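A single structure is presented below for examination.
Lettered A, B, C, D and E in written order, each chain numbered from 1.
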Amino acid sequence: MLAQVGRYTFLCLVLGFFALPLLWLATAPFDDTPTVTASLPRFTLDNFRALLDNPYALSSLLNSVYLAAGTALLVVTFAALAAYALSRVRVPGRDALLYGLLLLSSIVTGTATMVPLFELAFRLNLIDSRLGVILILSGGLLPAAIFILKDFMDSTPTSYEESARVFGASPLQIMRHIVVPLVRPGLATVGVWAVANVWGNFLVPFLLLRGPDKAPAAVIMYTLYTEGGQADLRLLSTFSLLYSLPVALMFVFVSSRYGFRFHGGIKR
Amino acid sequence: MSAITMRELTKVYPGGVRALDALDLEIADGEFFALLGPSGCGKTTLLRTIAGLEVASGGNVRIGERDVTNLPPGKRDVAMVFQDYALFPHMTVRDNIAYPLRIKKVDRRSRGSKAADTADELGLSGLLERRPGQLSGGQQQRVALARAMACHPQVFLLDEPLSNLDARLRLEARTFLKRLQRELGVTTVFVTHDQAEALALADRIAVMEGGRIRQVGTPTEVFRRPANTFVAGFIGSTPMNLIDARVRGDELAVAGARLPLPDGAREQVTDGERLVYGIRPEYLDYSPTAVPGALTGEVVVVENLGSVSLVSLDVPSDDTGASDDAPAGDDTGAGRTSVQVVVPEGGEPEPGDTGWAVPRPGRSLLYRDGNLVTAAAGVPAPRADATVRS
Amino acid sequence: GGSDEPAGKDAKNITLTISANSIVGGKNSAGAEWIEKWVIPKFVEAQKAKGVTAKVTFVPSGVDDEQYKTKLALDLRSKGGADVIAVDGIWVGEFVQAGYLKPLSDIAGNQVDSWEGWSQIPETVQGLGSFEDKRYGVPLGTDGRVLYYNKKLFARAGLPADWQPKSWQEILDAGAKLKALPGVTPIQINAGTAMGEATSMQGALPLLVGAGGEIYKDGKWAGATQPVKDMLDFYTKIYGGGLGDPKLQQEAKGRDKSFAEFAAGKIGILGEGDYFWRSVVNPKDGIAKMADRDTTVGYAMIPAKQPGAGIRGQDFVSMSGGGVRVLNPNSKFPAQAWELLAFMSSAEAVKAELAGAARITARTDVNKEVLAADPMLNFVAEKVLPLTAYRPPLAVYPQVSVALQEATAAATAGKSADEAAAAYQKKVEGFVGGPGNVTS
Amino acid sequence: MVLILVFLVVPAAWTIYLGVTNYRLTGLAAAHPEVVGLDNYTRALGDERFRTSLLLTLQFVLGSAVIGQAGLGFAIAFALRDRRGPLRRVVEGFVLLSWILPSSVVAFLWIALLDRDAGTLNALLGIPGTAWLLDHPMLSIIVFNTWRGTAFSMMLYAAALENVPRSHLETARLAGASTWQQLRDVVFPRIRGHVLTNLLLISLWTFNDFAPFLITAGGPEQRSEILPVYVYKVALSGGELGFGAAISFVMLLINLVIALIYLRMLGRRKESA
Amino acid sequence: MSAITMRELTKVYPGGVRALDALDLEIADGEFFALLGPSGCGKTTLLRTIAGLEVASGGNVRIGERDVTNLPPGKRDVAMVFQDYALFPHMTVRDNIAYPLRIKKVDRRSRGSKAADTADELGLSGLLERRPGQLSGGQQQRVALARAMACHPQVFLLDEPLSNLDARLRLEARTFLKRLQRELGVTTVFVTHDQAEALALADRIAVMEGGRIRQVGTPTEVFRRPANTFVAGFIGSTPMNLIDARVRGDELAVAGARLPLPDGAREQVTDGERLVYGIRPEYLDYSPTAVPGALTGEVVVVENLGSVSLVSLDVPSDDTGASDDAPAGDDTGAGRTSVQVVVPEGGEPEPGDTGWAVPRPGRSLLYRDGNLVTAAAGVPAPRADATVRS
C-alpha cells in the first residue's frame, strides 16, 4: 500500500513536470501584457485580433498543413512499403543497410547539409516548390520511419497474409486489405511523428521556399521578431498557441481513433 | 473436388532442414484425410506445400488433373484454415467470409448475400456484424471454415483447426466438422497431432515422422495393426505396451510369462529370435487372481478414465537381458517394465495389489527391428506405400 | 569592365523582384509596407508613362540576419534570386569575393555613375556599399552609437543632467556613484557571445577605436594589441568592479532584458545605437516603451580612452553600420533594375519610407529635412557620424567578431585582459591564415 | 528507394565530400573551394572547442537520453503498466504533447519556465534570481531534452512491458522477490532488446538534436555548446561549410561507434539467448 | 504441508466481474485436488487468490493454522506453476530452479547443490546448463515443477500445467505428476478444464461454474453421480445423454420408450412429473436387434475412438412436447434427440442402420430442475457444501 502511495506520488510529479512548461502557453496568449512568467492573465482576446491582422499568420498554418500532410503521406506510404518488403524478404545485410540509412539520415538533418540540399533542389528545379520541401523532408525522415514500422510489420503474424494469398490476393491487395489495417496504429504513430517533425522544421522550407505565401508557420514565426531581433511576446505567444493547436488536435484525434502506441513494440 | 497426388515431394528449408523427404502420397477425391504425427514431423510443411505457400524443392503435386507444383497459391483452387484461424481482426465476420469473393471480384451485393448464406449454413447468422475479437473460439473456428467454404474450393486444407479450442468445445467441433465435410464432400486434408482426433474424424490417416510417412491407412488399420513401433506408440489414447520378447518354440517368452505366438506368426519367426511384443492396454483383460498365459506384476498406479481405469503393472523384464534394443520410454528401471491395462468399472484394484493381464486372442502383434512381423486375419496388411524407406 | 548596353534595355514588358528582410506584420513591417504600397505602384506607374509594362513583386522575409544572408548566398550562388536585394553593408565584401555581386556599373551600365543621388550621399556612407573602391550598392541609411543614461538616476546619484564623459575613467566614476543606488545596475556595456554582434557593435569595437585601435588595417587583423588589451581591461573594470551585471551578458535574451531594465529605470548608463532611441524606448511603438523618453533619457558621445586617444586622434568615437541595396548580376533586366533601385533611393522615396518617422538616412538632403524634429537623431547625424567607423566587410569578419566577443566574455568572467587577449589572438590566427595576417 | 537515394544518400555523400574542402558560403573560398584533404579533420581534432563540445555532447546524450528519457520513460511506463482509464490517458497525453509540439514553441516555454527573474519555476519555488540557464546550462538542457523526448521511450517501454508475461513477474513475487528484484531478474532481461533499440534511436536523435540552441544558444561561454550547435555556429554563423561538414561526418562516425557499442551488447544478448 | 480453508471467498475484478462468489471450500492436508470447469468460471482466479496474487474482495483464506488473506504472496509459503511455466529464458535450468532460493538469500554454494538435488529427483540432471529455449515441452514442465519444489512449500498450485504439452506428452506428464505428488505428499491444487485430466489425477475434484462450486467429490462420485445437469454435461469424455422424460406410474417415458424408474426413485417423484433422464454413453449397450426397454433410432454418425466407437442415434423426442424446459444443446431439431452410445470393437453399425440402446441397471439418473433426484445405492450422496446456492 506504501508502494501504491509512492506510485501515485511519482505519477503526480511526472504530471507536474510535463504540464508545468505548458502553463505559459495556456495563459500568455490571453494576457494583454504577457511576460515570460505564467500568471493569471488579465484576460483579453486582443492578441488574437492583432494576429488575425497579420497577413501571413493564418495562411502559414495552412501551408504547414500542406507540407506536413504531404510529407506524412509520403513517409507513411514509402516507409510502409519499404518496411513490409524488408520485413518479409530475407536479404543478407538488411539490418546493416537499415542502420546505415539511419546514420546517414542523421547527417542529412544537420545544418551542414544545407548547401547540397539546396543545390540538389536547384538542379531538380524544385526551388520554391512545396514538392521539393516535401521530398527533402521525406528523405530525412524515411529511415527512422522504416525502422519503426519494420518492427510493427515483424510482429504481425504471417498467417493473415498467407490466408489472403491462398484466396488469390495479389501483393498489392494484401498490402491494402490486410497489412495496412493491421499496422494502422504504427502508421498513425509514424504519421504523427512525421507531422510533428515537419511542423517544427524551419531550415528546409525557409531555404527552399521563396516568399511568405508558401512559407509554413515555422518560418512565419520568425517574422514576429523585430528588426533588432526582439520578440513581440503578445503576438508570439498567441501564434505559438495557434501553431501548436493543430498538432495537438491531430494527436488527440489520432490517438482516440487509431490508438497511439507501439503495439507489439519495437524490438529486434 | 479432386484427388491430390504427391510424387517424391521434397522440401528443404533454407536453413537446411529437410522437412519433407521424397514423400509419395495419394489422397482420394472427397476423402477426409488426416495427417498425424509428433511436433516438427513436417505436417504443416506438407499442407503448406499443397497450398503453394511453400515452394517444393523437388517432386510434384497434382490436384485433380492439373500439375500445380509451380502455380501460385491463389490459382490452385484450395482453401486453407490456419491454426490461429487468421481471421482479419479489422473486418466484420461478414467481410471476413466475403473476402475471397472480393478478391475474385464478385460484386458487392452478391458477395454479401453469399456470405450470409454460408454463415447461415454454419449457424453464424446472428454474428455477421461482429468482429473476430468478439467471438468465442468455437465461433471463430466456424467463421474461418465459412470463409474457406465461401469460394467453393476443390480442396480444404485444415491446419490443426481444433487445437485452440478447449476440451469440451473440441469434441463438439469434431462432430460438426465431420458432418460438414460429409455434406460438402470436398477433399479435405486435416493436420493434427492428436491421435484421437484423427481416429474419430478421418477416412484415412497418414502417420508422419521426420518428413516421411510411416503408415497410411484407415483409422481401424492404423489402430489395430500399426506398421511399426513408432506408429504403435503414437496411436491410441494410451500407448501400446511394447515389451521385449523371445521366441521359445511355439510360444513367446515375455516378461517372465509364456504367451502363445500370434496366429500365423510361426512361419515368420525363428526359434530363439528376439522380438518386441506389442499389445494395447485395451486388449489386455485384468484379473485379480492368477491365470495362465498372463503377464503379472504389482499394481503401481490406477488412473480413473471415467467408466474405465488405467492400471499400471510393474512386471519383471524378460531375463533375456536384451536391454540394449528395448524400445525407449517404457522401462521404469533396470529389469522392470511397466505394463498398462484398461480395467472396466467395478474391477479396479488398489495400488500394491498383484494383478494378472491376459491378452485377448488375435490382438497381439510382433515387431522385428521396429517393423510389424505378423499378419493377423481379418485386417488387410499395411499398404505398400506405407512401408518405411530406410 | 562592363558592357555599356545591358541586355533587355528596351524591353517593353519587364518583371522585377525586390527582396528584403522585412515583412508586413512582422519584422520591419513599415519597410515592407512601403515597398508594397508605395514603391511598387509608383514605379509601375512611372514605367507605364514610358510605355513599359512593369511587373514588380516583393519577396518579404522576416528571419535572423544570418539566416537571411545564408539564403541570399544560396540564391546568388545558383544564379537565382531577386533583382534588387537589400543586404547588410557588411556582407558586400564577402559576397563580392564569392563572385555573387558585380559593380553596379558593370551590371547596369553608365547610367549608374550619372545618378544624382551619389552627390547626396556622404563619401563615408557610400563606403557601406563599396568594396575595394568599387560601388556595389546604394546605402539605405546608417546609424551611430552613443551612451544613453537615465537622467532621473543621475539626479539621484548627484550626477549632472547633461553628462558628457571625456574619458573612460569618467564613465567608471559615474558608475561608481550610481552603484550607491539600490537595485540599479550602473553600466551596461554589451559583452559576451550571447549578445552576438551587439557585443561587437556596442561594446568591443567602439571601445577598440576609442583606444586607438582598428580591427582590420592594411590587410592585417588586430591581435593582442595594446588597444585590444585596453578595451578588455575596461570590461574587467566594469564587471569586475561590480559596475555591471555579468549574468545578464550570458543570458540568451540578455539584450532584450537590458532594454527592459533600462526602461524600468534599473540601468544607469547603456551603450547602444540610435535604434534604441527610435524603436526600443520610443513612447509610441517601442518594444520597451518609455513614456517620458524625451525628458528622462540622456545621450552622450562615446569618449576615447583619454581625450585624443581615439583613432585618427579623435576625442570621441562611434561605430556604424547600415543596409545597402544591391543589384543581382544575373538580373534579366539589369537596366530597369537599376532604375528601380535608383527610384527607391530617390529623395521622394526615402521620405515616403520614413512616413514621418525620424531616422538617419543615407541622403543628406533628406536628413536635413526629417531630422530637424528629433534632437537625438540630429545629434547623431551632426556630431557622431563624422567620427564614426565601419567594420571590414570581409568573409572572416564574423569569426573574428565572435573571437572578440569571446574575449569580452572572458574579461567579464574575471580573466585578466592579457590572458583574454592572448587567447583571442590565437583564435584569430586560426581564422585568417596564420600569424602573418595578424598584428600584435 | 529512389527517393531515399536521391534525397538522402546523395546529399549525405555530398556533405562528406564538402568535408574535405575549405568551402565557405561567402568570400573567396566560396568562389574557388579547394580540396584540403584531411586538414579539416586534423583541425577539428586539434580544436579544444571541438573537444569540449564533444564532451558536452556525450554528457548531454548520457544525461538526457540514456538516463533522462530512457530512465524516466521506463519509470512512467512501469508505473502505468497495469493502469487503465483517465489517469493513464492524462499522464500519457501530457508526455506525448511535449513530444509533438514544435521546438520553437517549446523553446519559448522553457525560457519562460527557467527565466532568472520572472520565470515560473523560480516563482513557484520562491527563489527569484536563480539563473538556471546560466549557472546550470547543461543541467537545464538535459532536463529540457528529457522533457521533450521521454514520450518515445515511454511508448516503447509500455509496449515492451506488455510483452513481459505476467506469470514471470508473479513467479518472482511468489518467491518473495521485491519490486527491484523483479525488475532486475525478470523485466530487464526480457526487454533488453527493446532497451537497446530504444537507446540506439534516442541516442542518435539526441546526438543530433539542435533544439537546445533555441534555449541557451550554446552559452554561456559555450558551456552548453553541444556538437549540433557547434556545427550550426561554424557552418552558418561562421560560414565555414567545409569545416562544418567535416564535423558532421565526425559526428556520424561517433554515432556509428555508439551504434556499434549498442549492437555489440545486443549481439551478446543473442548469443546468450 | 497444510490444509487450505476458504470461507465466503469473493473476488470482484475492477471491471465489476464477480469471478468468485462467496465460495466455501476445504482442501485437506496432502490432498491432490483438481479445480475443473469451463473457461471463465474462475478457476485461475481462485488459484491466484490462494497464492495471494489477487487480493480477495471478501471472505478469507487459511493455509494450515494461518489466516493468509492479507499476506503478500512471498510470505504464504506456496509455490505455483503457471500454464506457460514462466521459466526465465535468460537463466540456465540450474539458475531457474535455484531462483526462489536466491531470493531467500540462500548462499550460492548450497543453492547450487539443492538445485542439483531437485533436478536429480525429476530426471533433469543432464540439462542443468541448458536454457529453457533448448528444452522440450515436457522437460520445461519438469523444470517448472523443480523450481516450485526447490523451496519446499506447504502448498503447490498448478494452473493448467499440462495444457501446453502435446497430446502424447500430456499422458506421460500426467502419470509423472501423479507419482510425484504421491511421493512428496504436498497439498496440491490443480486447475484444468480437461475433465479426463481431473478424473485421472485428482483425489477430489471441485467443478466450478460462474464463480461458484457446483459439486465437490471424488472422481468416481463426480463421474457416476453428477449432482446437476451442468456437472453431468461437463464430466466424461463424451457428455452424458440428457433426455426429457415423464413419469408414467412405475416407469419412465423417454423418447418414445418405456424405461424402468431408477432404484429408489419411486418415492421421490410423482406420477406424470416431467424430469430429465440422464445416462452416460458408456452405460448404454448397443443392440442391432430390437430389445425391450431400449431407446431406438437411426445411426447417424459413427466415430472411431480407438478400441471403441461412439455411435449417435437419432431418436424421436418424447411426445410430451416439453421442448421449453429441455436441456439445451442436445436436440438436433424439432422432435428429435441425439442419443450417444459407446459400442465396443466389432459391434459397430453403419450409418443408416437402426439400433437399440439399453441402459445398464443402476446407472440411470433423474434430474429435476437441473438437480439430481435419485440416490442410488453404493455411492454416497453429494456433499453438503456442494449444493447449489440459488
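Here, a residue touches a chain if its C-beta (ideal position, glycine included) is under 8 Å from a C-beta of that chain, and two chains touch if they have at least 3 such contacts.
Here's who's who by UniProt: A, D = ABC transporter permease subunit; B, E = ABC transporter ATP-binding protein.
No experiment lies behind these values; they were computed from the predicted model shown.
Common partners of subunit A and subunit E, by the touch rule above, are B, D. Within the contact network of the assembly, the step distance from subunit B to subunit D comes to 2. Across the structure, the highest number of inter-chain C-beta contacts is found for A-D. Annotation: 92 Å between the Cα-based centres of subunit C and subunit E. For the pair subunit A and subunit D, the distance between mean C-alpha positions equals 17 Å. With each centre defined as the average position of its C-alpha atoms, the distance from subunit D to subunit E rounds to 57 Å. Put simply, the C-alpha centre of subunit C and that of subunit D have 38 angstrom between them. In subunit D, the residues that touch at least two other chains are 25, 111, 236. Shared contact sites, meaning residues of subunit C that touch two or more other chains, fall at 67, 70, 74, 253. In subunit A, the residues that touch at least two other chains are 114-115, 119, 222.
Each chain pair that touches appears in this list: A-B, A-C, A-D, B-E, C-D, D-E.
Against subunit A, in their complex, subunit C makes its touches with residues 22-28, 59-64, 67, 70-71, 74, 78, 80, 253, 255-256, 259, 275, 279-280, 287. Note for the complex: subunit A touches subunit C at residues 53-57, 114-115, 118-119, 122, 127, 206-207, 210-212, 219-220, 222-232. The residues of subunit B lying in touch with subunit A in their complex are 14, 48, 51-53, 72-76, 78-80, 82-84, 86, 88-91, 99-100, 102-104, 151.
The touching residues of subunit B, when paired with subunit E in their complex, are 38-39, 166-168, 171, 174-175, 178-179, 193-196, 199-201, 219-220, 223, 234-239, 280, 282-283, 301, 303-308, 310, 312, 342.
Of all residues in subunit A, only 3, 7, 10-11, 14-15, 17-25, 28, 35-39, 74, 78, 82, 99, 101-117, 119-120, 124, 135-136, 138-140, 142-144, 147, 151, 189, 192-193, 195-196, 199-200, 202, 217-218, 221-222, 236-237, 240, 243-244, 247-248, 251-252, 255, 260-268 touch subunit D in the complex they form.
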